[in-house]
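One chain, subunit A, appears in both complexes that follow, with subunit B as partner in the first and subunit C in the second.
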Partner chain A sequence: MVRFFKRSRHKPEPLVRELIKVVGINQVLYTAEDLIGYEYDATIERAAPEVVVLPHTTDEISSVVKICRQYNRPIVPRGSGSGLSGGSVPIKGGVVVSLTRMNKILDINIENRYAVLQPGVINLQLQDRLATEGFTYAPDPSSQRICTLGGNVANNSGGPHTLAHGSTVNHILELEVVLPNGDIARLGSRVLDTPGPDIRGLFAGSEGTLGIITEITAQIIPLPQSLKTMLAVFDTVTSASEAVSSIIRRGVIPVALEMLDQEIIKIVEPRIQAGYPLDAGAVLLIEIEGIPDAVDADSELVKAACEASGASEIRVATSSEEREKLWEGRKAAIGAIGAAYPAFYLLDGVVPRTKLPQVMEDVLAVASSYGFKCANMFHAGDGNLHPTLMFDPQNEGVLDRVLECAGEIMRICVDSGGAITGEHGVGLEKTSYMEWIYSQDDLDAMENIREAFGPADVFNPCKILPNGHGCAVGHAAEINIAMGGNQTSADIYI
Partner chain B sequence: MKQLNFVGLDVPSTEDLQNCVHCGFCLPSCPTYLATGHELESPRGRLHVIAGIKEGRIDANTKTLQHLDRCLQCRACETACPSAVPYGRIMEDARASIMANRNSIQPRSWFIRSFLLRNILGHQKRLRVAISLGRLYSRSGLQDLIRGPLKKILPMKLVRLENSLPSLRKKPFRKSGSLSSPNIALDKVALLTGCIHGELYPEMHSSTVEVLDYMQIEVVAPVDQVCCGALHIHAGDAEASRKLARQNIEIFESSGASKVLVNAAGCGSAMKEYGRLLRHDEDWRERAEVFSGKVEDILEFVVKHKFDYQLGKVSDVVTLQDACHLAHAQKEKVAPRTILSAIPGLELREMSTPDRCCGSAGIYSIVQPDLSTQVLSAKLEDVLSTDAGTVCTANPGCTLQLEAGLRRESSDMDVRHVIELLAKSVQAGRDKTDM
Partner chain C sequence: MSQDSETKILSQTFKAFKPELGGRLIDGQEPLFTVKPESVEEVSAIVELAYTKELALVIAGSRTAMCMGNVVNRPFAVLDTANLNSIVEYVPEDLTITVEAGMTLATLQFTLAEYGQYLPINPPPSDEISVGGMLVTGVAGTWRGQLPSARDLILGATTVKGDGTVVRSGGRVVKNVTGYDLHRLHAGSLGSFGVVAETTFKVLPLPVSSAMLRIEPKSIAAGVSLAKSLLNKGFPIRSVVLTSPAVSGLMLSKEEFILFVDIGGSDVAVRQTITAISALSVYPVDSTVITIGQQLRSIFEGDNRIVVRVGVPQQYIAEIMSQMIEMNIAVFANIAASQISGECFSSDSTDMKELADQLGSLREIVKRYHGYLMIENASVELRSKIDPSGASKLSVVDELRRKFDPAQIINPGRIGDSK
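Moving on to the complex of A and B:
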């Protein structure tokens, strides 16, 4: 086993000593030099924990929770740290429980169609393993190369395939969790029907506020018999948006229906060579799967819908390489923006599908009124937008303007009948928006649910619910980011 | 007061660091992250440390630097990165600008490492003396004794350390000057014979020459060429590597060859980056860039030419371990596969994640034995599950590491450079036509 650090000359704090006693010295990090690795996720938020524990078993986690309660320290579960809302950033300090070492696929049961997983299993690792058996796990966030299943459940993550298969909550049969008092509970069941209210469902989207997910039994499905990936090219975002509704209206539910606008194509194509035409106003990436005859029939309907909305070109991927390239462009889009611009602010909102053409026009108009370039790559099928504002953080006062602009865009989403997050979670950064879509009564109800599990300051305090709801101080509603003089990493602001 | 920061010419640039968006896509490609699950043993974590030191937010002390030290510099993260972060050069720059800071607290191991690299690897004669001692040890029978009957008596640690040594029985390849001059030469190339390759794996060079000769390419090995300096760069000794680079550029320029061919991926990658290494040197910058433009890996060179006209049968099942500095640093994954697939009778059976590092990484296996062993164990699982007869590489470091690993697992799988398999096929083709 690797020894991570030399023993400190100073005797560690009693809390640390107790934790070491339970999980071993190599599983506890507590020096400032090691803790900086746990002060971030994929956003700009930074806050270092006091201690990091890297447990191997549920029993260890249970003991860790009990010790933390005894010492009155908050606990923040963390997977790969690829979250896009500050959800795993320990804003109140305390103990981060890193689940990266609990990364085993415990069982794959083809007959009963489930997989039993530790929370640190990577989404793609599961899909790759299942593919060898002709099966798959449907939810596929764009960060599936690194995001963990535990994080997927906690954020109720979606992805391109959410349109046809639903988000993570629709694929979870049973969860093992450690509750705020350290008890280990099993929620749901491996059979498809369980009587009584769905408490397991509460953990989907709980963002680590109710407990730590320590084992997941996930539903698996056979790989489709056949698959078609199409690229439809449009002159404008509006016509592409119209095509989205037109496809659905014709009775087709593609497994994925993604849009990339001109701005993002210009960034992605030179870097990834995905095959998107550089002069397109927008492209739709459409995937249909099922039995071969149905796929053929559906693809004709999709073609007709796109043509009716003015598509200038419709291309069907003819090889798996071509298909993978088309997808790579979509999945690597965020990183490509990072290479092209020193900083960007990535939003995540949902709107009703039919409102897409108007909303997209409004979003682009707002961005341009602020003078920002705005790139869009998003899950058009389920109306999940990701407008991305690009800017140079060195410009005086730019951040305030970005936030103001983002607020206006969020307001457009909410006013259209949508919501403030599609899949990234509320985390730290959208707590203030919660009041836009929920009444005080709604929020109180959510707080009550949280307190039914245990005190609100035990697990991941100050996340999801806005000020006053279980977070005494609360995280600044207006995303309070102090810009250092020499910011040396491109920043995603969510 | 110690100044715990980066200094000198090579301080990692803000532009390079700025590309990182903390998305974490690099994590699953990083062998040390996979082995430890520790964020700071990942590329994103290490970049965060480097940025933190540069901003003065954290000190460069032994604790922070050990995370940099545990990096294999395999650069698999560069292939995985959607933002094109030039991780390899950021890491090289960071190490160099710690070594350049005489006031900083440098880990003692960094000093020892640089001292040995400067004074042994950089000097061919001293290196040969050291390796000759090893050869004597191998040939005397003492090695067999330790690996055989004494294995159970000696302490585990010693046995494990000894196991990582190669078996040095073969006559070294020490030729220089003209190595092959076909009657009608289509091109003239210069070969880097390097520091250890010819001593440890003479067949790599003899096979290279044989293949080039078959392709009607004239080969010279310039006399007085020196070590490529790759290990020095990785260790942060930028000054020593710049000195070696200048020497090599001068010597290879005078050879009159159109290309500089390298059969060790690590060396090739370093030499392709001489231009950047000497970017601050007004007198040498342009020369270095021209030189780097001429450097090609032997496999890259072979597939650019017609090479499969008279190949003979080689009956074997092989699996390929991508050399990191070929696959990730030089972005060449196709050439070795093209060659192996062209050999009649040979079956290429891919292992899972062939482009993941084996843990050799220059002198990493010596500096970080524990982590290197963990990385190697994961690799061996992939290699052995293919059930191949031979595992192919494109770099002597990988060969050394895989041989040690396979010996540990008591496997009789052979480890060969891709070029050796091609030479075998050339040989078989020639035998056939001779008959």
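Moving on to the complex of A and C:
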């Protein structure tokens, strides 16, 4: 049965009327029932916007920004809402600008090796479209089936293949953006190394706090001639971590080097049948690309490194189906956790690669001391961890203990010379941890960046920086609770 | 009071930092004095003192790019980073290194090579460039395009704002989205947002093997076309450079279009690539000496040269390269990066106004193609007649400058309006 919500009968506020004038009645949502879907991202943080606008053009966005300034409302840009740090949650209300209707691939320019894209284009759609031409766009966050490229730029997203190819910022040539005063600016150009300060690079990863991205020119690269995906099986996380260093030491940089520990293998394998041995202490998923003979030679070096670190088995995918299955186990791991446990808390930290064995031991010890099971699937080559704490939300006081445990894990990352986020962003979740990394002078300089673009409370207030004007202190909240076992959290990826 | 007396009093104020009077001319002006700090703390103290005295500071590294950007518009002292040349932290297995910004790229590469690694950047004119200079000038080199540049590989930095405040951003991990990437702001900034004191870079394993191939295509179009087809094959190519007859003549005394293909990778990868390229090319393929790459980097070196760089989408490279040759510019094109570099031949009698007009017209054409033209090196006279960077005017850049250098004392005038 189709249910229809009746629209509220009260007369729209002047702000809403003005917005409707600019973008049209069908592009403005303002009734409570219409706003529910825009209250949250992939965390449990929630806050209702006053209005949601779904513009189709850059000019419309420029006008929307000017109206919001006139009515003194904060603006929160939003893509698919797949973020993992509360970055698109409108914590101070105001106007959410959803970019999902600006979802056109404007130009695939093979000759000049770039693609011009609207911000609402889905990452995987771009990759699929490019694959037909023998090209690809390298950054592949695990949420690529649903995340938007605008969101990727705003978060400087990573993914399994950033080890060799770098994060999103390394693949963006030019951005068209709407600034806090409503001006439209172009940052960069359609070729590399535009003269002048790298404002394009500064804007990437600014989490929607400096303006709205309305067009992206991204670099595209040819698909490799040859690709080899390997699975190396180890008895312990420590020996798998040692293999990671050993591979790098032999001068090989795989395009991807991912680790899954025993806890996550036990969750993933029965549900996805990726081919991971259930009795393994840890597996490494390793991908090498290049010209055929070189890939063969590098894979021999990788095998030798894994064997020297105690690998009990090394398997090479022999078909694209087998390769896809190996990757499915990795990319759908969080969905599998959602199906297996009533609640989990996904963390994102980054450490120097050489500290991985010790950090992993410490992380598991901390989780254990709190009585939590902890599953790990992460970008080992980059030292980018994603410990995931699983728990029962019905237990009294458990959320506080989860947050405390998570804080200790973040502290381990920081104390090892790492940082509090490798790819998910600071958002709302980790603002209070920023002082662990940066001095007040450092944070003031970041505030300077924000102020240079416009008043700090115009775009996405209370994100990234602690103690923002009128903001509560942020707290970790990347908790997903699948109540009643009906939700699988299949839309959460790392 | 005479200017000399004022200079002496001012240098006395900086006595603790052992100022040396005078120094090499910069933009035709003699520095009031030169100081060479030996630590981040000293940089901070010097800048703070300069801030209180409203004294302009020009930041000098290896001085390989002192004729880039607008003419410095105030009397100044020089803050020379030559003594900031230590390794702060290097863990080879992490593939990261933190060094002080005055270290030359050559010293950095020497250190990395001991562990079989390198920073995959080969900026002009040579590895004698300081790493801080490499970051703030944005110069990249022939590997750019196939390999990253400083703006891609920078992971973090310690910088000193125009009031002496020390600011750190990023970190020593290869993947990090903790807060704003302040260090990226300095890439291409010509040092306008403060002094870069320390930098952390991601590094890569050195290729085990390398080779340089030489091909002589019959025309620009044929050379560009062959280059693009090679780049699309996914070979481990580090650069494909097409030299004009003038540049080929300077390098090899042979005035032809020459395509140089720099290959780097494992032994087997290099061998397989050479074989494949030989099969693909309709022109003979010869091996040449690898130092050609160094020659290409240094070919336009020298303060008195007029060097321009054009970035333009690949489909326009042949057209723009032809136009530049017609303008009597000796050029070579880095096809992967879609960049054309060239030297405008000049003499004392060269009419700078006419040259500025010509370059201005060319800039308009490349801008229509969504590209850019910047003057990397030129005399004060030429840089006074045409905006050297050609960067878009963004009000946010001015605002950032005010926030990071409130008294506008660091490299004053280098970016933005030179007047």
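Criterion: the second predicted complex is superposed on the first by the 459 of 494 C-alpha atoms of A that agree within 3 Å, B and C clash if a C-alpha of one lies under 4 Å from a C-alpha of the other, contacts with A are read in each partner's own complex, and residues count from 1 in each chain.
Definition applied: a contact is a pair of C-beta atoms (placed from the backbone, for glycine too) under 8 Å apart; a residue touches a chain by one contact, two chains touch by 3 or more.
The model shown is predicted, which means the values in this text are computed figures rather than measured ones.
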Broader residue contact with subunit A after superposition on the shared chain, subunit B or subunit C: C
Partner chain(s) touched by A:Ser245 [first = subunit B, second = subunit C, both, neither]: second
Touching partner for A:Ser319 - first (subunit B), second (subunit C), both, neither: neither
Touched partner set for A:Gly383, first subunit B, second subunit C, both or neither: second
Which superposed partner A:Ile437 touches (first subunit B, second subunit C, both, neither): second
Subunit B versus subunit C as contact partner of A:Gly201, first or second or both or neither: second
Contacts of A:Ser80 with subunit B and subunit C, given as first, second, both or neither: first
Subunit B to subunit A touching residues, read off their complex: 14, 17-25, 27-28, 35-40, 44-45, 47-49, 51-52, 54-55, 57-58, 61, 63-64, 66-67, 80-85, 370-371, 374
Subunit C residues within the subunit A interface of the complex: 91-96, 116, 138, 140, 144-145, 148-149, 151-152, 161, 165-169, 171-182, 184-189, 192-193, 204-206, 208, 228, 231-236, 265-269, 271-273, 276, 311-315, 337-339, 370-372, 374, 389-392, 394-397, 399-400, 402-404, 415
Residues of subunit A touching subunit C in the complex: 109, 111-114, 134, 155-156, 158, 162, 166-167, 169-170, 174, 179, 183, 185-187, 189-199, 201-202, 204-206, 222-225, 245, 248-249, 251-253, 290-294, 296-298, 350-354, 379, 382-384, 417-426, 430, 434, 437-439, 441-446, 448-453, 464-465
Contact set on subunit A toward subunit B in their complex: 1-6, 29, 31-34, 36-38, 40-43, 54, 80-82, 98, 100-101, 103, 120, 122, 124-125, 143, 145-146, 271-272, 332-339, 342, 484, 486-492
